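Down below are the structures I want you to see.
One chain, chain A, links the two complexes that follow: it is found with chain B in the first and with chain C in the second.
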Partner chain A sequence: MMHVSYNAPTELKRLQQRALPLGAVLFAILVVGFFLDRGQFFRSYLFAFSFWAGISVGSLALLMLQHLTGGGWGFVIRRVLEAATRTLPLMLLLFLPIIAGAHWLYPWTHAEEIAKSPALVEKARLYLNLQFFVVRAAIYFAIWLALAFFLNRWSILQDRTADPSFSKRMRVLSGPGFVLFVFTVTFASIDWFMSLDPEWSSTIYGFIFVASWALSALAFVIAALALLTKYDPLKTVVAPLHFHDLGKLLLALVMLWSYFAFSQFLIIWSGNLPEEIRWYLPRIKGAWGAIALAVVVLHFAFPFLFLLSRSLKRNPHKLVLVAGLILVMRLLDLLWMITPNFTGEHFHISWMEIVAPLGMGGLWLAFFGWQLSKRPLVAINDPQFESVLEQGHSHEAHSVV
Partner chain B sequence: MADEPHNLGPLHHSTAPVVAPGLTFASVTDKISSIVLKRKTPLWWFLGFALSFILFQLLLLTITKLVFEGIGLWGVNVPVAWGMDILNFVWWIGIGHAGTLISAILLLLRQKWRTSINRFAEAMTLFAVAQAGMYPIMHLGRPWLAYWLFPYPNTMGIWPQFRSPLMWDVFAVSTYATVSAMFWFVGLIPDFATLRDRARSKPFQLLYGLLAMGWRGSARHWHRYEMAYLLLAGLATPLVLSVHTIVSFDFAVGIIPGWHATIFPPYFVAGAIYAGFAMVLLLTIPLRKLYGLESFITMRHMHNMAKVMLATGLIVGYGYVMEAFFGWYSGNHYERFMIWNRMHGPYSGYYWALILCNIITPQFLWIKKLRSNLLVLWLLSLVVSIGMWLERFVIVVTSLHRDFLPSSWGMYQPSTWDWTMFIGTIGFFFTLLFLFIRFLPMISIFEMRTILPDAEVEE
Partner chain C sequence: MSDEKRESFSETEPHEADELHLSVSRRHRTAPALYGIMGEFNNPSDLVAAARRTYEAGYRRINGYSPYPIEELSEAIGFTRTSLPLIVLIGGILGGLGGFFMQYWMEVVAYPLNVGGKPYNSWPAFIPITFECTVLVAAFAAVLGMLVLNKLPQPYHPVFNAPNFALATRDRFFLVIEANDPRFSHDETKQFLNTVGAKNVSDVEI
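Now for the complex of A and B:
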């Protein structure tokens, strides 16, 4: 093969240069909110965190998935996924304010709230207390950071040494790693989001977060890949075939998320038990109800119908629009899940709920762009590389884009 | 999708080949069709068939007695009014799911390794669904009125309750049986034609000729055939999820602790695939040995099936962890009691046996060496099959026998007739299976030919 540089395009710098100041300014404005309304600040902050942490952690899941299954689609997004997992230290830093704000977020931090119900007393003693909450969060982050560290390290070592045994190592780690991912995300979602209402529970809640975090990560990666393929080096590597496969995976995850979310709704609706429907009641009335309907239509029905089309999946310009729609709907769905815990059926959105995800997103994107630019965009010494290139080209020759 | 042969799909890592080297179009056709047409029927076939057929008689006997005497014959009574019949219904229908997954989903995912096991797995699906379907119909008490389950205009003023998942079951299972049968039959047509052309006795020529429906293998036939097969695969795919999801709703929409859990749909689907792959392995490991089919059903198949079994087993394990954790976390008195009762109550032996069979033992599948040992794999599959039966026993019985009011608690003891019915369905299942391997090609001849190296076309 000719000598080709697979370094990230210089255009990536522009993304960093724009995202960083924008994120910093918005984040600074958000901090003003901290002094105006502390409760609102922490709610909006948790909401923003639930979205961006989802992309970091979800990318870790996709990274392990592609190591386990192999395939061209996984190869072309690997470096993007790796960069996204390297934002996990940033997410750890951004998690600290949630511990500091636990008092404004979680009713179980208030002794008088706990005393209302005997069941809560025991629950708070054994599980929902701040010390254990912090210990558990430390465990989740330790697992995620360790998995991300090894997968990133072995990948760059393979770039340098061309040793194919690293592929096997990454695959072997990814099996148990994926199991750990599912369990840590489950318990993180219980701790961070479900316990906002400490008396409510649902056994599929963890799966809903597993699917939705993986979905938002995939939508993000598709968007990033669509932008990167405009420039060298990915221009010559990524083929419509890869977008086709990624689009299929996106469709599968959209359906999986919908399946989980609908199962939860139908079972709780049928049982009609007061302690269970209390979670849905404020969320299906008034403006929250309208959002719920929008989620059904725009998070499931539209993406589902669009993604059935073969030509749409093969066209990055169109696929990126669907991915964008899914990302916006992920935000809306998280807002719908988190905010009514505080507002009840009264619909209220603060300016902070708009500034927080944007500000945090600016910082996240700048960090991501910085990480992405540090390594070649293709795992050059991966044994799969040649066959992926060949495969892409042989299909490009007779495919209608 | 069909126009895209490429080989970097999931599970490509296994370096073992899909088919053994050295096979040609002719040798594939000879080898598979000779089992049906030429080879002498082996003695073990007669023995196996006879034994299955005898057990099958137990089923007929039980059903006859059941129709005359009513379902009091079984051990079901309040509070456990759903005993072995729903448990065996769920067990059998779960087994069927592996066949549909292999034939439909793996086809859409372009997994070539499915080719040598799909025909067999689909047959297993059909036969398992047949066993499953018998239970709810017999539980009606008056099975000759089963058509009342369907919404049809009548003068009696009866109409099904559409909010009940039992009603959805009627549609889900009957659709499942229909689509599976069609998929299987359509897949068989080109092979029927091969058998028709190769059969030497008149009755067989006539039989296979009728079944081949005038297949001549023209380009137009093939074109339409491929399209129909792909469409049927698309239709069958959602059924893998929908059938067991609705089966899980049978339990989950009620408010009985131990049944009313939102995790049930994915957990049941995974459990079904888990049990199904265990059954496929349980049957293919001896069959491939007995008929010398090692060059078709290679170690690659064994590895991949073992991996699917491990993955779905882990999801099932996740379900148990969630049930136990949320039993406590919910803070609900009855939920906590339900979990305590499962672990320490009168049926705790079943619970711990199930944890051992379904969660602990299958962890051996992580180790490649053990996955490659067919005896170990076969024993593990047997353990999983038993474990999945125990799982349904625990869900059905422990949840019902002690619900909200201690005064209405009770114990459940399956009667002898419960067991004869269950053993009878196993006999019926194997009777059908033995007939299948004797009279139909258990591996798809024409699809095997397409994955041979000879079939590769330079574009």
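Now for the complex of A and C:
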């Protein structure tokens, strides 16, 4: 009991060894796309970035949430979340091409586009200009990186010193940190994604990203935990009870995302104003309409019904399938939100839209695996340690895992 | 680790159950029927272990009492399935359908009103109220279903006749094997409860 190792399993190395070359090769292929079709390259790149940045930033939100609430479910995913937030420097690096490609992405970078609409002139002067865009992005990343830095730093210091006061510090930071998360993600989603159509606006757009980034992070963490639970040390720590709680939170976030996404639709559909409804019109026709329907059924209805069941939530093998489905549907939903800004009604998917998320994902996963293997998978000196371990052990005898 | 502490603490406590004793002895004049046999435990893990062994020994009409919920306990006494989720699901479905078709009937059948040139059956506008009705009826089904399944409210229950049972809301844990269990036999069951580590094994009268 005293000398149990909580280090990450060696199997994690295999993930890194597979993800890194795959990601590197696909990313290299994507770079070829840069020379073939620059506009398409940046669109696909932004789409991939919107997904993987969401998992990094959403993990930061979940990390702060579990510091605020406590509980076994948060304790068992804490190191996974911390590793995911340590990918934020990588995301900062991956953000730079978006600044470089702003000219191909954002109509407000073109003086002649701005001149077409009088309303846009003021908007562009005060807010939508490249200098301010870069400054704002720097602020978002500075806030995220600072929060991630302190939460990670204090966590490892607690591992070393066994000082319980670090728990309080992390909790105290997480309260205002969570508020900052909501504000930064709101503004970041307006800057990076909503401004693709600078004359269209929706006040709930930022909240859709707040909910969906947290949702994709949670789905990713559940999948990662289900895989890690196959091996020591988490095998003896994680109990069906923890998957049950994570499944409940997943249901809550699925519903929260559905609530925001549907609210936007309901309000715009009710008003039916030309300058607002034109965002939906291309997205509910033809192939985009089919994708919208798929999102309603597979992103909301199916996960909702599935996650009502207690026994399915407690079974990691089945829960991981729902988490995987949600991740796929997150990608599809982001594609549906971003791509019609460029293509309109015309449905067109480039090979780059498939290669970009996979390539970036390979790099992200390799970086994540490397970070995860650097620390014990359990916060060994957390005050909750004993009680969570007890839960795991008392369930061990009859766990169906 | 705090078991010893708990034990010594409770020994210094006055017996709140004395009043219960009086009422029981008054009843003794008429022939008392047996509800079951009760054993006492000092901590939840002893209770769960004993409950598990009782179930394994073939007893099925068993019940545990503790000051706070113990998740393993219901599993240990073989109480794994409850029909409450099904009741709530049915309540939710009925609420959702009721909410939707209430609006459909109002908007399409009873009082058709042209709102902004939209079709009478403007289903997106019906969704919020459909959702609220789903939650409302599901919540009612949960509360009422729970009361019905637990046979509540119940002004009288025999277990309160047992000595010390008032401590079940404090720091004591109890296991009861009911007399209507097919395997129940007074002396044997009493003996059995002693062997699984119960203290103060006593009869519980109806």
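Quick note on the criterion: the second predicted complex is superposed on the first by the 393 of 401 C-alpha atoms of A that agree within 3 Å, B and C clash if a C-alpha of one lies under 4 Å from a C-alpha of the other, contacts with A are read in each partner's own complex, and residues count from 1 in each chain.
Everything that follows uses one rule, which is that contacts are C-beta pairs under 8 Å (C-beta built on N, C-alpha and C of every residue); 3 or more make two chains touch, one makes a residue touch a chain.
For clarity, every value in this text was computed on a predicted model and none was experimentally measured.
> Please determine, from the superposition on chain A, whether chain B and chain C clash or fit.
clash
> In the superposed arrangement, which partner chain does A:308 touch: chain B (first), chain C (second), both, or neither?
Second partner only, chain C.
> On the A-aligned overlay, A:384 touches which partner chain: chain B = first, chain C = second, or both, or neither?
Touch partner of A:384: chain B, not chain C.
> Of the two partners chain B and chain C, indicate the one touching more residues belonging to chain A.
B
> Who does A:179 touch here: chain B (first), chain C (second), both, or neither?
first
> Which partner does A:351 reach: the first (chain B), the second (chain C), both, or neither?
In the superposed model, A:351 contacts neither chain B nor chain C.
> State whether A:266 touches chain B only (first), chain C only (second), both chains, or neither.
both
> Check chain A for residues that touch chain B in one structure and chain C in the other, and list them.
On chain A, the residues that contact chain B in one structure and chain C in the other are 241, 266, 270, 310, 394-395, 398.
> Tell me, which parts of chain C touch chain A in their complex?
These residues of chain C touch chain A: 45, 71-72, 75, 85, 89, 116, 118, 124-125, 127-128.
> Quick one: which bits of chain B touch chain A in the complex? Just the residue numbers, please.
Residues 1, 4, 6, 8-13, 163, 241, 245, 249, 252-255, 260-266, 314, 318, 321-323, 326, 329-333, 366, 459 of chain B touch chain A in their complex.
> Show which residues of chain A lie in contact with chain C when the two form their complex.
These residues of chain A touch chain C: 241, 262, 265-266, 269-270, 272, 308, 310, 394-395, 398.
> So in the complex, the part of chain A that touches chain B is made up of which residues?
69-72, 117, 119-120, 122-123, 127, 171, 175-176, 179, 182-183, 186, 190, 199, 201-207, 241, 259-260, 263-264, 266-268, 270-271, 273, 275, 310, 384, 387-388, 391, 394-395, 398
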